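Letters A, B, C and D name the chains as they come in the text, with residue numbers starting at 1 for each one.
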Amino acid sequence: MAEYAKMPYNIADDSLADFGRKEINLAEVEMPGLMACREKFQDKPLKGARIAGSLHMTIQTAVLIETLHSLGADVRWCSCNIFSTQDQAAAAIAVAGTAAVYAWKGESLEEYWECSLAALTWPEDDGKGNGPDVIVDDGGDITLLIHQGIEAEKKFAADGTLPDPESTDNAEFKCVLNILKRELERDPRRWHKIIDRIVGVSEETTTGVHRLYQMEKEGKLLFPAINVNDSVTKSKFDNLYGCQHSLPDGIMRATDVMLCGKKVLICGYGDVGKGCAKAMKSNSAIVYVSEIDPICALQACMEGLQVVDPADVIGDIDILVTATGNKGVCTYEMMSKMKNNAIVCNIGHFDNEIEYGTLQAKCKRENIKPQVDRFIFDDDHAVIILAEGRLVNLGCATGHPSFVMSNSFSNQTLAQVELWTERNSGKYKKSVYVLPKKLDEEVARLHLAKLGAKLVKLSQEQKDYLGIDPDTMPCKPETYRY
Amino acid sequence: MAEYAKMPYNIADDSLADFGRKEINLAEVEMPGLMACREKFQDKPLKGARIAGSLHMTIQTAVLIETLHSLGADVRWCSCNIFSTQDQAAAAIAVAGTAAVYAWKGESLEEYWECSLAALTWPEDDGKGNGPDVIVDDGGDITLLIHQGIEAEKKFAADGTLPDPESTDNAEFKCVLNILKRELERDPRRWHKIIDRIVGVSEETTTGVHRLYQMEKEGKLLFPAINVNDSVTKSKFDNLYGCQHSLPDGIMRATDVMLCGKKVLICGYGDVGKGCAKAMKSNSAIVYVSEIDPICALQACMEGLQVVDPADVIGDIDILVTATGNKGVCTYEMMSKMKNNAIVCNIGHFDNEIEYGTLQAKCKRENIKPQVDRFIFDDDHAVIILAEGRLVNLGCATGHPSFVMSNSFSNQTLAQVELWTERNSGKYKKSVYVLPKKLDEEVARLHLAKLGAKLVKLSQEQKDYLGIDPDTMPCKPETYRY
Amino acid sequence: MAEYAKMPYNIADDSLADFGRKEINLAEVEMPGLMACREKFQDKPLKGARIAGSLHMTIQTAVLIETLHSLGADVRWCSCNIFSTQDQAAAAIAVAGTAAVYAWKGESLEEYWECSLAALTWPEDDGKGNGPDVIVDDGGDITLLIHQGIEAEKKFAADGTLPDPESTDNAEFKCVLNILKRELERDPRRWHKIIDRIVGVSEETTTGVHRLYQMEKEGKLLFPAINVNDSVTKSKFDNLYGCQHSLPDGIMRATDVMLCGKKVLICGYGDVGKGCAKAMKSNSAIVYVSEIDPICALQACMEGLQVVDPADVIGDIDILVTATGNKGVCTYEMMSKMKNNAIVCNIGHFDNEIEYGTLQAKCKRENIKPQVDRFIFDDDHAVIILAEGRLVNLGCATGHPSFVMSNSFSNQTLAQVELWTERNSGKYKKSVYVLPKKLDEEVARLHLAKLGAKLVKLSQEQKDYLGIDPDTMPCKPETYRY
Amino acid sequence: MAEYAKMPYNIADDSLADFGRKEINLAEVEMPGLMACREKFQDKPLKGARIAGSLHMTIQTAVLIETLHSLGADVRWCSCNIFSTQDQAAAAIAVAGTAAVYAWKGESLEEYWECSLAALTWPEDDGKGNGPDVIVDDGGDITLLIHQGIEAEKKFAADGTLPDPESTDNAEFKCVLNILKRELERDPRRWHKIIDRIVGVSEETTTGVHRLYQMEKEGKLLFPAINVNDSVTKSKFDNLYGCQHSLPDGIMRATDVMLCGKKVLICGYGDVGKGCAKAMKSNSAIVYVSEIDPICALQACMEGLQVVDPADVIGDIDILVTATGNKGVCTYEMMSKMKNNAIVCNIGHFDNEIEYGTLQAKCKRENIKPQVDRFIFDDDHAVIILAEGRLVNLGCATGHPSFVMSNSFSNQTLAQVELWTERNSGKYKKSVYVLPKKLDEEVARLHLAKLGAKLVKLSQEQKDYLGIDPDTMPCKPETYRY
C-alpha cells in the first residue's frame, strides 16, 4: 500500500478538474449560505488551523472545502464512503491546490482507510506534529480511527500488545487494525501526538452523533464535539429534503424503474425515512413503513402511510429502502421471499442495514452496471441491490443537492470557526455541543433570498406582546420541534 | 348575573342529551387512548381529586371528562371559548351527572367568565374549602383568573385597593376585574383558600404554555404546571393534523367556498400553520405563508409554499388565516385592501390576531348566518369574517376530530394522574414540566391498533447495536424533533 | 295528496328567504359564468319559454334559476333528490317570485313525485296547454315521467289498461304509477299535450345521459336532448372537482371523523370516483379503488391507489364510498363483514348502489341525527349509513361549491338558449347532442379572471404553424380527452 | 457520407451489447404488455412483413423491436432524435441481429437523415423493391421523407426540377433536400416503388398525428395511418405519467438542482404539460402554467397551479419547460430576462419550441457536460439549456420508464398486426384511424397483474342494469374522456 500522505493528493483523474470547476461554479449559485460565509468572514478566522475532513467528496463538499480554505484553513480531505466521491470534484479541488484530497469513486476498503489516514497526516511537522487541529467528520470514521489509535497505543505501552487484524471477521475493522498495527510499529506515540493538538470535531450525521454521545456517556470522548446534525437547519433539512430529492434520483439513475403504482417499503421513519416516504408517495408509489418507535409510527399513519410488520408484506414489495441506522434490517430471509427483480437499497448510513454479506455468500451475482447487481437465489428469482448496500443516493446518484447542503455546510463552517476561535477559551470541554439556536436561525436566513422569500418584521407592540425580539433573540424555545 | 355555581349545571338545552350521548358513543370508538386509560386505571387513581376544567366543551372533551370521572375524579367544567361548546355534548355530560358543566355555544363575555368562576367553585366546602385540587386548562384563562385573584387579594390586604374595571379598555379583562372586585368584597381570602389546595395545572395549548413559562421565569407561578402541549403526541398531532382537518371543515361549513384555485395566505408557520397550509395545498389552493422565524420560513419554502410579506399580496388573497399566537396580525388596513368577499379567519388562539375591534367600529356589518359576517367598507367592498375572529374550527365547525384529540387528552389524563398521585411527594415544584418521553410514546402506542399499524420488534443483537431497548427505554433522545 | 301545482309554490319555510337571499348574493360572486350570461343575453333570448327544472334546489341552482329568469324564461322547479334541497334557497326563489318552487329537504317519495309533477304543470293554459317548452333535468326523472306518461296513455288508448302500482316492488316506481294512473283518469291526453310543445331537454348527469342514449338507440326518445354532462367544463369539472370538494365535506359534517390514516374504499373510478379518491388521498387516508374497466383501473394504479377486489379488503375498510352508477355495489353481505362503525355512503347517483333495503329489513336502526344512521347487525357491530344511501354530498353537506357549478350551469344556460332559439329551425332532431366545443371553451374562459388566470395569445406565425386560431376555432380536436 | 444501408448496422459501439442485453432482460419484467403479445401471437402474424421504424432507440424500444421480430417481422430501425439513442440498446439489438439498427447518441443532422434513409432501405430487393411494408413512426419524420420524396419525383417527372438545398435556411430541411436530390439523381422512381408496397404507418406522437390529420384533410396522405397516440393507454399514460417520471429525472441528471422551493414555468398544459406540472409540484416547486386553451387553463387552476402570462413572471422563474407542440414558445427575449443560471428545457417535441438558434447566434456558449450548456448574455447572466433544446427526458435521462412504454408499445404492436393482416381486406383507406376501444382496454388489462390490481366482475343483473358487458363490449362510449 502506497503511503498516500506523501503524495500531494490521490485522486482518479486530474483531467476532470475543468469539468469539476464548472460544476463548482454552478453549485456556488445554489449555495448562498456558504457564499455568505466567505463574504462575512473575510478576516480569515480559520487562519492557522489545520482541518482534516472525512466527508463525501462531492461538488457540494468542494464548495465547503473552498469556503474553509477561503477562511484561512489548511485543509486535507478524504471521503467517508467508498462510492460517494465525484471524481471531477476531487480533481478540481486537488488540482487547484485548495486542499489535499485522497478520494475516488470505487475505493477498496483498504484504500478507504489509507485515504482516511492520509487526510489526518500532514507531510510536514509544524512544530506541533503532523496532525490536524480540527476535524470535520461524517459518520465518525476518522474520529473512530483516532480513538482506536489512542487505545491501541495505551495497550501497547502497558504490555506490548499489538492490534490483531485476525481477531475480527469484519472486513472493514480488519483494515483499521492493520493500519493501527503498522503505525504503532513505526511510532508508538503517533496518535497521542495528534490528540494533543486537536481542538475538536464537528460531526455531520445522526449515526456519528449517536456514537459521540455514547463515548461522552462512557467518559471516552477525547476532544470537544459539535453536533452539527442536530442543528434544525441540518437534520430537518438535509436528512429530510435532501433524501426526498436523492432517493428517487438514485433509484431512477440505477434502474430507470417507474415508481407509479409500485409497492415500496421504507424501513425507518426518522427524518431520513420521512423524506424517503414523502418522495415515494409523491411519485405515486404505494408506501409502507416499518418502525420501532410508536410516535414515529403514528406520524406515518397520519400521513396516510401503512405501518406494517415487513414480514406481512415482503412478498408484495417492489422496492425496499432501509433508513434506520440499525443493522440487519433487511435480512437475507426477507430478500429470499421478495418478487423477482425487487429492488433493495440503503440510505440509512452503514451497509449493514442490509444483510449483504449473506447475500454475497449464498446468491449468484450478476453485475448489470456499476452499483447495480442482481443477486440470484436458487429458485431463480433475484433481487437487485443498489450501491452494494451502501448509500444509494451517493453511490447511484450525486447525493443531496447543493441548496440543501448549503444549509448543512454553513453549520459545519460555523462549527469549525467556533471550535478554532474558542480553542483557548475553555468554552468547550470533552463533551458534545450543539450550535446556539441564533446561529441556526442565521443559517436559515442566509437561504431565503435565493428563493425570493421575505420575512415579516414585528412592531414593537408585537414584540412586547410575544416577549420575543427576532432581531436579537431566538424566535423559539430550545425545545421547539419545528 | 346569576351565581352559576349554585346551579347543578348551566347549559343551553337538556333535551340535547340523548343526541349528545349518541355522539359520545361514536366518539369513544375513535378515541382508543382514552378508552385504554379507563381500562388501565381501574383502581381509580383520581379518587378524591376535585378537577376543574376549562376546555372547549365538545364531544371529544366529553369523553375526556367521563374518563377523568371513571378514574375517580369529581369534575366541574367550563369552555375556554365563547363559541366552541357543542350544546349536545354539554347536555349529555350535565344530564348524566358526570360533571357539573357551565357552557353553551354563544356565551357573552360576561357569561364566559361567570362560567369559568363556576367551574372553579364547588358548592360544598369539603373541609379544605370549595376550590379544585387540579386544573385542566386550555389557553390559561382559569389559571390567569386564579393568579389575578391572588394578586388582587394581596393588594387589597396591603392597602384596601379594589380592582377597577374602568381601568381597562379591553372588554374581556373588564369582565375579569368585575368578578374579582365582586368576589373580593364577598371574601377577601377566596383565592388564597383555593391556592392552598391546588396541586397543579395541566395546560393544553402553545399560548397557555407560553404564559406559564413567562410566569415561571418571573417567579410568579403559584403551583406546578404540566405542559401537555409539548408532548410530541400533542403538539405534533393535534396542532398539526387537527388543524389540517378542522380549518377547511370550518371554512366550508361557514361559506361553502371552493378552495381549488383560490389564493390563501396563512400567517404563521408553526405547527398550526403547517397543518393549515398542508390542508389548503391539498385542497388545490395556491398557498402563501408569512413568518417571522427564518427556520420556519425556510421549511415553508421547502414545501413549495411562497413565503411573502403580506403587504405584497394582500390584494390578491381570497382567504386569509391567522395562526401566529401574536396580536394585530391581520390589520384593518390589510382588510381594507382585500378583494370583495375575501374570507378572513383565525385559528391561532385569541381573536386579537385580527383587528376585529377596528372592523366593528369602522365597517357596516351584515350578518349572513351565525359566525359568518360581512363587514362592508365605505367603498362597498366587504370582507367575510368567520366566528367573529375567534377560533374558526371551533366556531364554525366542531373542532378537531376525535382520533387526534384522543392523543392530546390521553396526555391530559396522564398529567392529571401524575399531579394528583404525586401531590405529596414533592416531585413537582412551582415550575413547568413536560411528561416523560416514555409516557408520550405510550400515548402513541395506544392509538396504533385502531389504524391497523404494527410495530417492529428488535432482536437483542439490534438492541445492543443501537444501545436502545424500546421495551424499557424511550426510543429517542430528549432533543429529538420528530 | 294536495295538488301542488295549484299552489304558487310549496316549500319548507318562507321565513328563510332573507337568509337564502344573502347566500345567493355571496354565491353570485363565485359564479362568474352565470353572471356573464346575464350580461351577455340582455336581449332576453328565453322570452316566451316555459322552463321546467328538476335539479337539486340549492343556492347554486337558485343563481341558475335567476339567470334563466333574467334571460326571459317563465320557470318552475323541483328538486331531483329528496334530501338535496337547501330550504333557504327554495324560500328565496319562491318568495321573490323568480320561479314557482316545489321542494324541501326531506321529502317523502310520494311528495317527491308530486313536486316533479307540479314543476311540469303550469296552472294556466297559454293556448298550447299547461306544460313546459324546455326541460332542465338531472338524472332524468321528469324526462322519465313524461316518457312513461306517453306510454301509459298509448296503452290506455289501445285497450283501456291503466297503470298498476301493485305491479312493482320498487317503492319509487310505485309512486310514479300512482300518479300516472290518477292523471290518466283525469285527462287521457295530458302527456300528449305536453309532448306536443316540448322543444327539448338539457340533461346534467352521467346517469341521465346514459338513459337518454339508450332511449335514442331504442328509438324511444320523444324530443331533442342536449347532453350537458359531456361538456368538458361539466364532466371534467363538476363531477371531478365538485365531488373532490363535497365528499369530505359531507362525511365530516355527518360524522366529524378524522380521515388521516383511515382506510377508504372508493367503488368506481370514473370522473366522480377520481375526485373522491383524490380528496381522500389528500386527506391522508389510505385509498383503495374497485373498478370493472381496465383503463380506469390502470389510471388508479398510476395515481398510487390500490385497485382491489372489495371482498379482499372489506374487513379492513373504515369508509366505503360508492361512485359507480351501478346497482348493488355495496351489498348487505359486504356490510355484514365491515368493522364496527364503518361508514358507508353513496355519491354515485341512485341509492340502489348500496343494498339499503336489505339493511333496513335485517338490521336494527339507530338514528344519530338527520341523515346519519347506525344499522346494527345481530353480532352487535354496526355500519353508519349517510343520507339513507342517497347522495352524501347533497344529503349531508350542501353539494358542490358555487364556482364549479357555475361551469355546469353556464352550459345548462347555453343549452336552454340553444334549444329554445333553434326550436323552429329543425337543427335538433329526436337525438342526443353535445354543445359545440367552442361554447365549451367559452364557458371555461368566463371563469378564468375570477382566479386571476391569464391566457397566452398566439402570434400569427404560431397560428399558422399550429394550423389553429383560438380566436375563431376550437383549440382541440373533438376527440381530445383533456 | 457513407451509404449506411449497405452496412448490416451502424451504431456507436458493439461492445455495449452485453450491457444492453442485461438491461433488456430487466426491462422485459417491467413490460408485461409486450411480453403478453409475444405469448399471444405465437402464430407469427407479422411473418413476411418488412417493418421500418423511426423511434427513439432505447432499451424499451429494443423490447418492442424484439416483440415485432418475435411476431415474424423483418425489422430495420433508426432513432427519431439525435440524442435519444441508448447506445447499449442499439448494440444489443444490432449484435443479436434482431433488427438492422442505424442510430447512436449524438448524431449530426446529416447523419440523422442518413440513418432514417437506411432504415427505409433494405439492401436486397425481394421482388417488390427494397422498401418497407409497414412503418412505425414517432413524430412523422420518415413519413415526411417518403411524402417529400414522392413530391420531388413528381416535380422532376413533370419538368426535371431537382430539390434545391439552398432554397431553405432550415438546417434540418436542407439535409432532407440533399438526400432527395441525391437519391433522385440515382433513381427517379425510388419513392414511388416504396409507396407501392407500404400498407400503412402507426404513429406514436401528438405532433406526428397532427401532421397526419392535416395531410388527410388536404388529401395528401399516401397510405393508411393508425393514430396510436390517441389510444387512451397511450396519450393518457405515456404522455402524462411518462413525462411525470422523466422530466425531473432529466433535470436532475443534467443539473443536480434541488426542485423544492424553485419557481417553475410549464408552457402548455396538455397531457405532457399535466405530467410535468404534477411532477414539479410533487417535488415541492412553485409551479406556473401558461396556456392558450381556456379549458386546459381552467384545469390548471383547479389543480392549484398559477396560470400566467410568461411575461409577468419570467424574471422570477428558476426553471422553464416547454411542452406545447408549438414553435417560438420560449423566446430569446424571454431568456434575456431570466435569472442567472435559470434552466430552460423542452419536452414538447421539436427543438424549435425554444429560440435556440438565436441563442446560439447571440450568446457565448459554455459547455458544462454533454447536453448541458450555459449561454451567456452580454450582461454576464446566463441560462442553462438542456439537450440543446431537444427532448430533455431523452437527451439528459433515458426517456420514459419501461412500464408506461409497455402500454404505448403494445398499442404499436397491435397496430402493426392490424395494418399487416388487413393489408388486402380494404379495411383501411388513406385515412387516419384509431385502434378500437376494446383493444385499448385489452392493453390496460395486460398491465394490471404486474401491479397486483384486480378487476371487479359484474353480476348478470348488474350487466343488464348498466346495459354493458365488459367481457364482450367496451366499458365506455367512444367519447369518454377518462
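FYI, a contact is a pair of C-beta atoms (placed from the backbone, for glycine too) under 8 Å apart; a residue touches a chain by one contact, two chains touch by 3 or more.
This is a predicted model, so every value here is computed, not measured.
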{"item": "Intersection of the contact lists for chain A and chain B", "value": "C, D"}
{"item": "Remotest chain, chain D as reference, centres from CA atoms", "value": "B"}
{"item": "Pair sharing more residue contacts (C-beta pairs) when C-D is set against B-C", "value": "C-D"}
{"item": "Chain centre separation in whole Å, for chain D relative to chain B (CA means)", "value": "58"}
{"item": "For chain B paired with chain C, centre-to-centre distance based on mean C-alpha positions, whole Å", "value": "41"}
{"item": "Per-residue overlap in chain D, given as positions that touch at least 2 other chains", "value": "241, 260-261, 283-284, 301-302, 306, 404, 451-453"}
{"item": "Parts of chain D lying in touch with chain A, wherever the complex brings them together", "value": "19, 22-23, 26, 29-30, 59, 241, 244-245, 248-249, 252-253, 255-263, 282-284, 316, 340-341, 366, 368-369, 384, 397-398, 401-404, 451-453"}
{"item": "Interface residues, chain A side, partner chain B - complex", "value": "210, 213-214, 230, 232-233, 235-237, 240-241, 290-302, 306-310, 312, 325-328, 407, 434, 440-442, 444-445, 447-448, 451-459, 461-462, 465-467, 470, 475-477, 479, 481-482"}
{"item": "Parts of chain C lying in touch with chain A, wherever the complex brings them together", "value": "260-261, 281, 283-286, 301-306"}
